Amino acid sequence: MRKISEECGVFGIWSPERKPLPFMAYYALLALQHRGQEASGIALNDDGIIRYHKGLGMVDRVFNREELEKLGEGQIVVAHNRYSTTGMPIPNNAQPIVVRHSKGNMALCHNGNLVNTYQLRTALENEGCIFHSTTDTEVIAYLITKERLHCGSIEEAVAGMAAKIEGAYSLVVMSPTKLIAMRDPHGFRPLCYGVMEDGSVVVASESCALDAVGATFIRDVKPGEMIVIDGNGIRSDERYCGKTETSHCIFEYIYFARPDSVLDGISVHHARIEFGKYLAKDHPVDADVVVGVPDSGLDAALGYSMESGIPYGIGLLKNKYIGRTFIAPGQEEREKLVRIKLNPIAETVRGKRVVLVDDSIVRGTTSKRIVRLVREAGAKEVHMRISAPPFQNPCYYGTDIDSREHLIACQHSVEETAKIIGADSLGYMDLGHALEVVQRNCPGRGYCTACFSGNYPTEVPPEGAKSRFEEKIRKEKS
Amino acid sequence: MRKISEECGVFGIWSPERKPLPFMAYYALLALQHRGQEASGIALNDDGIIRYHKGLGMVDRVFNREELEKLGEGQIVVAHNRYSTTGMPIPNNAQPIVVRHSKGNMALCHNGNLVNTYQLRTALENEGCIFHSTTDTEVIAYLITKERLHCGSIEEAVAGMAAKIEGAYSLVVMSPTKLIAMRDPHGFRPLCYGVMEDGSVVVASESCALDAVGATFIRDVKPGEMIVIDGNGIRSDERYCGKTETSHCIFEYIYFARPDSVLDGISVHHARIEFGKYLAKDHPVDADVVVGVPDSGLDAALGYSMESGIPYGIGLLKNKYIGRTFIAPGQEEREKLVRIKLNPIAETVRGKRVVLVDDSIVRGTTSKRIVRLVREAGAKEVHMRISAPPFQNPCYYGTDIDSREHLIACQHSVEETAKIIGADSLGYMDLGHALEVVQRNCPGRGYCTACFSGNYPTEVPPEGAKSRFEEKIRKEKS
Amino acid sequence: MRKISEECGVFGIWSPERKPLPFMAYYALLALQHRGQEASGIALNDDGIIRYHKGLGMVDRVFNREELEKLGEGQIVVAHNRYSTTGMPIPNNAQPIVVRHSKGNMALCHNGNLVNTYQLRTALENEGCIFHSTTDTEVIAYLITKERLHCGSIEEAVAGMAAKIEGAYSLVVMSPTKLIAMRDPHGFRPLCYGVMEDGSVVVASESCALDAVGATFIRDVKPGEMIVIDGNGIRSDERYCGKTETSHCIFEYIYFARPDSVLDGISVHHARIEFGKYLAKDHPVDADVVVGVPDSGLDAALGYSMESGIPYGIGLLKNKYIGRTFIAPGQEEREKLVRIKLNPIAETVRGKRVVLVDDSIVRGTTSKRIVRLVREAGAKEVHMRISAPPFQNPCYYGTDIDSREHLIACQHSVEETAKIIGADSLGYMDLGHALEVVQRNCPGRGYCTACFSGNYPTEVPPEGAKSRFEEKIRKEKS
Amino acid sequence: MRKISEECGVFGIWSPERKPLPFMAYYALLALQHRGQEASGIALNDDGIIRYHKGLGMVDRVFNREELEKLGEGQIVVAHNRYSTTGMPIPNNAQPIVVRHSKGNMALCHNGNLVNTYQLRTALENEGCIFHSTTDTEVIAYLITKERLHCGSIEEAVAGMAAKIEGAYSLVVMSPTKLIAMRDPHGFRPLCYGVMEDGSVVVASESCALDAVGATFIRDVKPGEMIVIDGNGIRSDERYCGKTETSHCIFEYIYFARPDSVLDGISVHHARIEFGKYLAKDHPVDADVVVGVPDSGLDAALGYSMESGIPYGIGLLKNKYIGRTFIAPGQEEREKLVRIKLNPIAETVRGKRVVLVDDSIVRGTTSKRIVRLVREAGAKEVHMRISAPPFQNPCYYGTDIDSREHLIACQHSVEETAKIIGADSLGYMDLGHALEVVQRNCPGRGYCTACFSGNYPTEVPPEGAKSRFEEKIRKEKS
C-alpha cells in the first residue's frame, strides 16, 4: 500500500526528424505515472520554438488529444510527472520549467532534491534574481543561465552549474538544438537511455518508459555523467564521474520503481523477490498461506513463498477504480468502511495462519487496518513481514517521509509495533540483507540507506533550513 | 484482459432513519464499477421526494462531494452502474430511471436483458406510450405503472409485471415508502442482500458491495423471489420461485464478478482457482513458470500452478493509470506501443517455458499481442491456457459478446487458433469440468452455458429482432 | 431592468436539402436568448434519425462547435430556449422533448402554459402513462401520440390534440418528414414564419430570429392556425381559426419581445415609443432630461422625450459583462454595491430634474435603488414613469409574475409607491392608452391584459391547483 | 462597434483591517472588463503571505465563488484585466505577476507599454536574468528587484526603477506591507484613487471601478506621481512630476474608457457628446434621424442630434448575449448572417435619411456591413459620421491598432472611403476640435494624438524592434 509520497519522473526524446513527439511523451508519462501524480507537463521544441502545456493532476487529466495536437510536431520533447516533495501543489511548480534567457529558450525537468538549495537561492536573490516558483529547478535554471553568459555552449553551462549544486538530481534539459541528460555523481535517482528504430534517442527515469514507447534500452546514465544529444549524435561527458562513491537510493528497489523496470542493472521485480526470500530466512514462521498487500507487496510475498515453501495466495483485492478523486468517508464511518479500497478474499485466509507481506510501515495505522481486515475474514493468525527495514530518518534527496514523531519505528520496538498493529508477529527486512541483494552482481557499489541507517552520503541542510524555507513556501498558493 | 462488455450493477438501501445514504451508494457503486463503466446514477427517496443525479461516465466522474451533498438525506436510495448492452451510450439510457405515475414517484435499476422486449414495447407503443430511452427498464416501468392502476400495492404491481416479462432481470425498485428487490426465476444475474448494525437493509448485485458499505451478508435473493423492505420489515414473496429450473450465468464466475464476491454460495476466487486446476489436469505441459494475464487471469494461473507444481510467477504488469480517457495511438504506432497497457517482466519469463493463463479469447488479436510480448521478453515457449470454454454463441441475457463472424472459436479449430495467436500450445477450459466446479456443493443446480453450448434456457428473440431494434436505436444519439 | 421571469423561444427550419442546420438553429437561439436563459436545446432530423443535445444554461454554455458538429446535417431542425415558468430548472425539463412512439420519432418545442394541464395529466396517469418531466410539453407529446394511433397523419394527430388542450401554446413539432407549427386560437404567444433563398422555411417565436438566419419574414402564424411544411410545400390548416376572439399578450410589447421584432404586424420598438408618448401626455412634468433605464426602458424614454420636448439623455450605464454567473455581494454589502450592474452618468443628471422611464415595477426594491442612485449622482428631482400599467394579477399563460402579496401595486396606491421608491412623482401607463397603441392599425383586435386588468380570456386553473402541482414538482430535482 | 484591441485595467485596495478583499477586486474587475478581456487575476496579501489566482478569459470565467473564498482575507489586494497588446494570449502573461525576491514577495499590475523594453530586457538577460513571460511587467519586476538590493524601501526601489523605464505605465505594486500606485510622467494611461468609509484606499484605472466598490473618488494620480499607502497613511512622491509635458491618450475619451468614468477631470460621456456636436458642426447634412452604432457610438450620436436638431433614434440593436465564445459562421454564410450581432430596427430607419455615428473606421469592412444593413432596412440615405479622426499611425503606448497597410485611412481619401463603405457621405472628427473639447477646462494640457497625427511624445522603439521581439514571442505558446 502506498503510504509514502512519490517523487518525480523525467523523460525526453531527440528525433532526427520532425514528429508528433508529444504523443510519445504522453505514453511515457503514463508509464512513469507512479513516480508522481500531482502535476504533469510536456514541452516541445519545434525548430527553436518551444510550445508547452502543463497543469496540476495526473497525465490523463492534464492532457487530452486536443492539447497534444496543439503542441504539434518537433524534434525534441521533454516531459515530467511531479510529486511535490517541497511545498504545496501549486501550478507554478509544475514542470517542465520553460524560460527565455540570453541565448534562447530552455526547458528543464528535474527529479531529486538539492541539499544546498537555500544557500544557492539566497545568493541568487541577493544578485537581484526573482523567483516564480518554489522549486529547486528554478535555481538550476538560473545557474545554467548565469554560466551560459560566459560559456561557449549549453552543455558547458550545464557542466558549470553542476559544479555548484549538491544533492540528488536526474536532469533533462532541452535547448533550441540539444537534448541533455545529466545524473548527479552519487546517482541517487535513476536515469537511463535507449534508442528507437528511426534513430531517435530517448532518456527516461525508468526503463519501463522506454518499453512504453518501443525504445531499446541502451544503458543507465552513469552517476556524474552528462549525455548530449543533437544532430551530431550522442556524446558522453564524464568529467564528474567517479568524483564520489555512488549512493543509489535503495528505496527505489523496495517501493518507488515499477517492478518491470531495470535500474542500474538490477531488475526491480527480481530484487523484491529476493527481499522476500531473505524475509523468509530471517523471519520464518509456521503458516498456511503467504498473502501480499497489493500492489507493491506482491513480489516480496511471492519470494517469501518460494523460500519458505508456504503456498502463495491471493488474499486481498484492491479496488482499481478508486483514484485521486475518491471521496473519503468521514472519520466515524471510516472504521466501518475499510473495505472500499481493499477487501479480503475470505476464501483464501479463512481458518488459516497468514503471512502478510507489505513494503513498509510508516505510522502503522494502515497496517493495523489491514491486519484487522484479514482477521475479520477468518484468519487464525496474522504474521506481518515488511520488505523494508524500519524507517527512522528523514530523506533530503527527494522522498517525502513522515516526520520522526509520526514514524512508528522511531517510537516503538518491533514487539510493540506488532502489538499496536495487531499482528501475531512482525519481521522487518534486514538492511544488510537488502544491500546484499542489490550488491550481489556489482560488489562494492554504494547505496543510500539514509532513511533506514541515518548515514547521509552528503552534507545535509542545516537544521531547520528546510522548515524555514517551507514556511516561506507555505505562504504562497495559487 | 477485458475483451467483453460488462453488464450492470444494481444497489439499494432501506434505512430506519434519514441518513446521507448517497454517500453509501457511492461507495457501493465504486465496488461494483467492474460491472459497468459507461454511466452511473443514484436516486434518493426523502419522504416521498425523489432526488437523483446520473450521467455518462464512471462513478468518480459523475459524482463529486457537492453532487452527493446536494442529494441530501433520506431513508431509501437506489443506484446503478451501467454498461449499455443495447444501443449506444446515451444520457437518457442512464439509470436509475425515475418516473412519476398515478400513484407517485418510482425509481428503477435493472441488470439483465429481457428476451421479449420487442413485443412488449410494440404493444405499449400501440397503447400510446412514449419512450424517452431505448432500455428494457423503461418497458418495465410502464408495465409496473399499468399494473399499479388496478393493484393495491406496488409489490403487487411488480409481481404483475413479472408475469409478463421473460429473460434476465435483477431489479431494484424504489417507491415512496418501499425498497423492492426482485430476481428472475432463472436467476441469471446475481442479487443478494445483507443488513447493517443500525438495522438498514442493503441489496446489491454482488457481495463485495455489501462489504464496501460494512453490511453483513444475509443471503442471495432466490431465483424468482421478490423481497419487499419497508418500516414493517423484510418480506419475501416466493410466488415465482421454482417455476423453472435455475440457470445462473456461469460466465459470472469466469469473468464478470469480482473474485472477492460470493455468488449463490460459491466464492468467485475459489471457482477460478478450481478452473485453473482443471486446466492443469486437462491441458498439462512441461514448463518452468505459470503467468496469469492481469487482472482476471491471475486466480486461474495460481490454480494451474497449484495443480501442476510449476512455479507461479508475476510476469506481466498492467498499467493501472490507463483509464477510460486513454488516448490510443494510431494504427501504425499500435504495433510498437503494445507495452503501454501491459509490459512483461523480463526477469520472470526470460529463457523460460511459460504457461500463460487468460480468461478468454474473443477475436484473438489481444492474445496474439500478449503472446508476442512474452516471447520478445525472452520466453522460450508460450503455452496459452484459457479458463473458459470457447465462445461460440450470442448471449441474450445481458452480455455483449462479439458476433459469430468475429469469434475466433467459431472460425478456427483450437490448433489453428494456437497458430494464429502464435502460441506453442493452447488449451480451453472443458465445459463439463467448469460445471463440476460450480455444482460441487450444490448438485443439480442449473447454469446457463448458452454462450459456450448454444443451449438457451428460454425462448430467444426472433432472428433479427435485436438488430432491427438496434437499427432504430442507432438512429438516436444525444 | 428585468425583474420578471421570461418565458420561452421556439424555432424550426425545414430545408429542401441536407444541411448543417444546427448552426442556423444556434444563431436563432442566440437571437431568442432574451426569451429564456435557463436551458436550451436543438434536435435535428437526419432522414428520420433524430439527434439532439440540450442542457441547462444559456445557448453559449450548452453549445460549442464540437456539439454542433456532432449533430451533423439534416433536413429539419427544431430548437428551444427555456425559462421554467413551472417548477425548478431541472435537466429533464429542457426542450426539445424527443420521444419515440408507435409511428416513429418526434420532437416538440413549446412556448406558453396550458390552463388544463392538471386535469389532462391526471387523466393520462390514470391510463398508465409515466412522466419523466414536469412540463406541459410532455402532456402534449402524449396527447399527440394517443391521437396518432387512430389518425392517418401526424398533422391530424396534432389537430386532435389541439382540441383537448386549452391555454397558451406556440408549438413546433418535428416528425420524421414534417415540420409543424401551431399557435393557440387566442394567439397568446407570438409565432411567425419566413423563407430563405434556398427554399427553406423557417418558423420562430419572433421575427428577429428570422433576421438572424437571413430569412425573409412572410407572416405571423394566425391564432389557431397550423402550418405543415414538408417536401410537398407549405400547407395551412385553419380549422381552429376564428373559434374565439384573439388575446395576444400585451406584455410582449411592453417587455418580453425584442424591440427589433415585429409581432402580429406591430413593431415592438414603435409600440414602446408610442407608450412613452402617452406617458408624457398622461403624466407630464416640468423636467430637464429624460433618462431610460436600460435596456427595456430606453425606447419609451425616447418616446417621452419626443412628446414632451424634454431632452433625451443617456444617464445610466449597464455593465454588459455581468451575466448569469455573477457572484452577488452579501446582503450587507449590497446596499453599497448597487453600482456594479448599473452606474449613473453623473454628467447627465447632475443638478437636473430627471424623468426616469422604466418598463415595470414589481416589488419596488429595484426601483428604489435606481432612484437613489440617480439622486446620489446629483439629480435635483426624480420623476418615475412606468411604461406598463400596474401589475395586480397572476398570469396563467406563461409569464412568471410575483405573487400578489409581493406586488407593490396590490399593496399600495400610486402615491404611496412613489414615496416608497423615493420618487418625486410616479406615473403608470394607462391600460386604455396601451391598447390604443396596439390596436391603432388593427381596430377591434383582442389582447390579453389579465395581469393588469384581471380579465382572463379563458377559464383559469382551479384555485390552488398550480401550487399543489408545484408542490409535487418541488419534490424532484436532479 | 469594437474593432480595436483594448488594453488593460489595474486595481488595488489597502484596507486598515483584514477583509475578504478579493470579492471587492472581483466587482472592480467586472467594472473594468471593457479594458481587457483576455486574462484576469487577483493577488491578496495576507500578512505578508501572497495568495493569487489568475487565468485566461473574462473575469466571470476565471473566478467563481470558491476561488474567491480560497483567496481568503487580507489587508491588500491587487487585480488586473489584460488584453495582450504584445504577443499571444498565454497563461504566463496573465497578471498580477507575483514574484519572490531578496526582500520578500511582490505583486505587480501594469497598464501601458514601455518604449525601451527591448534594450532593458536584453541588458537584464545579459546579466543572467531568466524570463517566464513576454510582458513588460516582468522587466519592471526585475528592475525593482535590482534596485531593492541597495535601496532602503520598496518605494525607493520603485522610484529607482522609474528612472530607467520610458513609455506608458500605470502601475500598481503590492509589497508585504504597502500598496503603491505610480503613473508615468506623460500620464498616458489613466489612474485615480479614492477612499471608502472604513478608511480603505482604492486605486483604479478608471473612476467607474471606484463607483463599483462604493469608494469616493478623491483625485487622479498625477503624471509622474507615486502614491504609497500603508498603515502610516497616504504619501505622495512627486519627484518625477512636471519632468515632461503631459500626453494623456486622447483615444481613451473617444473609445477606450467607460462613458460613466471621469478621467483627468473630464467626463468621458460629456467629451463624446461634445465630439458629436462638433461632428454636426463640421459635417452637417440634411437628414431625418441620427442613429448611433452601439455601444460606443451612442453618446456622439446624441451630441450630433442635439447640435443639428435632427431627431435621435434607436436604430440598431446589439445582441447582448453574444460573448467571447460565439461560434462565428463560416465565410460564405457570414454575408447572410450579419444580423446576428447587430440588427437594424426597421421602424426607425425605413424611408429616412439616416446619419449613422460610429467611433472609428479601421479596415472599413465592419462599417461597410453596417451601412448595408441600414440600407436594407429601408434607409433612403446613409451618412456616416465618425467621432474620431482617421487612424494613420501605430501606437507604442498600449493600443493595438492595425498595421498601416490595413488602415483604410492610410490607403484611401475620405471620398474613396465613403464609396467603399457604401455611405452617401462620410465625415471624420477634426483633431483640432477633439483637442478643443478635452482642453476646454484645462487649457494647455497636453494629449497624445500620435495614432492620428504621427507626433510621438517619446522616442519610439527602433524600426523593426517590436516585430523582431514579437517574432521571438510568437515562438512560445502554452
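By letter and in written order, the chains are A, B, C and D; residue numbering begins at 1 in each of them.
The rule is simple: a contact is a pair of C-beta atoms (placed from the backbone, for glycine too) under 8 Å apart; a residue touches a chain by one contact, two chains touch by 3 or more.
Computed from a predicted model, the values in this text were never measured in an experiment.
Of all chains in the assembly, none touches chain A and also chain B.
With every chain reduced to the mean of its CA atoms, the largest distance from chain D is reached by B. With centres taken as mean Cα positions, chain D sits 48 Å from chain A.
Centre-to-centre spacing of chain C and chain D amounts to 37 Å, using the average Cα coordinate of each chain. Put simply, the C-alpha centre of chain A and that of chain C have 61 angstrom between them. Looking at chain D, one finds that none of its residues touch two or more other chains. Residues 23, 26-27, 30-31, 33-34, 58-60, 63-65, 68, 208, 211-214, 258-260, 262, 267, 269-270, 295, 298-299, 302, 306, 311-314, 317, 319-323, 325-327, 329, 333, 336-337, 339-340, 343-348 of chain D are the ones touching chain C in the complex.
Contact residues on chain D toward chain A in their complex (touch as defined above): 48-53, 98-102, 105, 122, 125-132, 134, 141-142, 145-146, 149, 472, 474-478.
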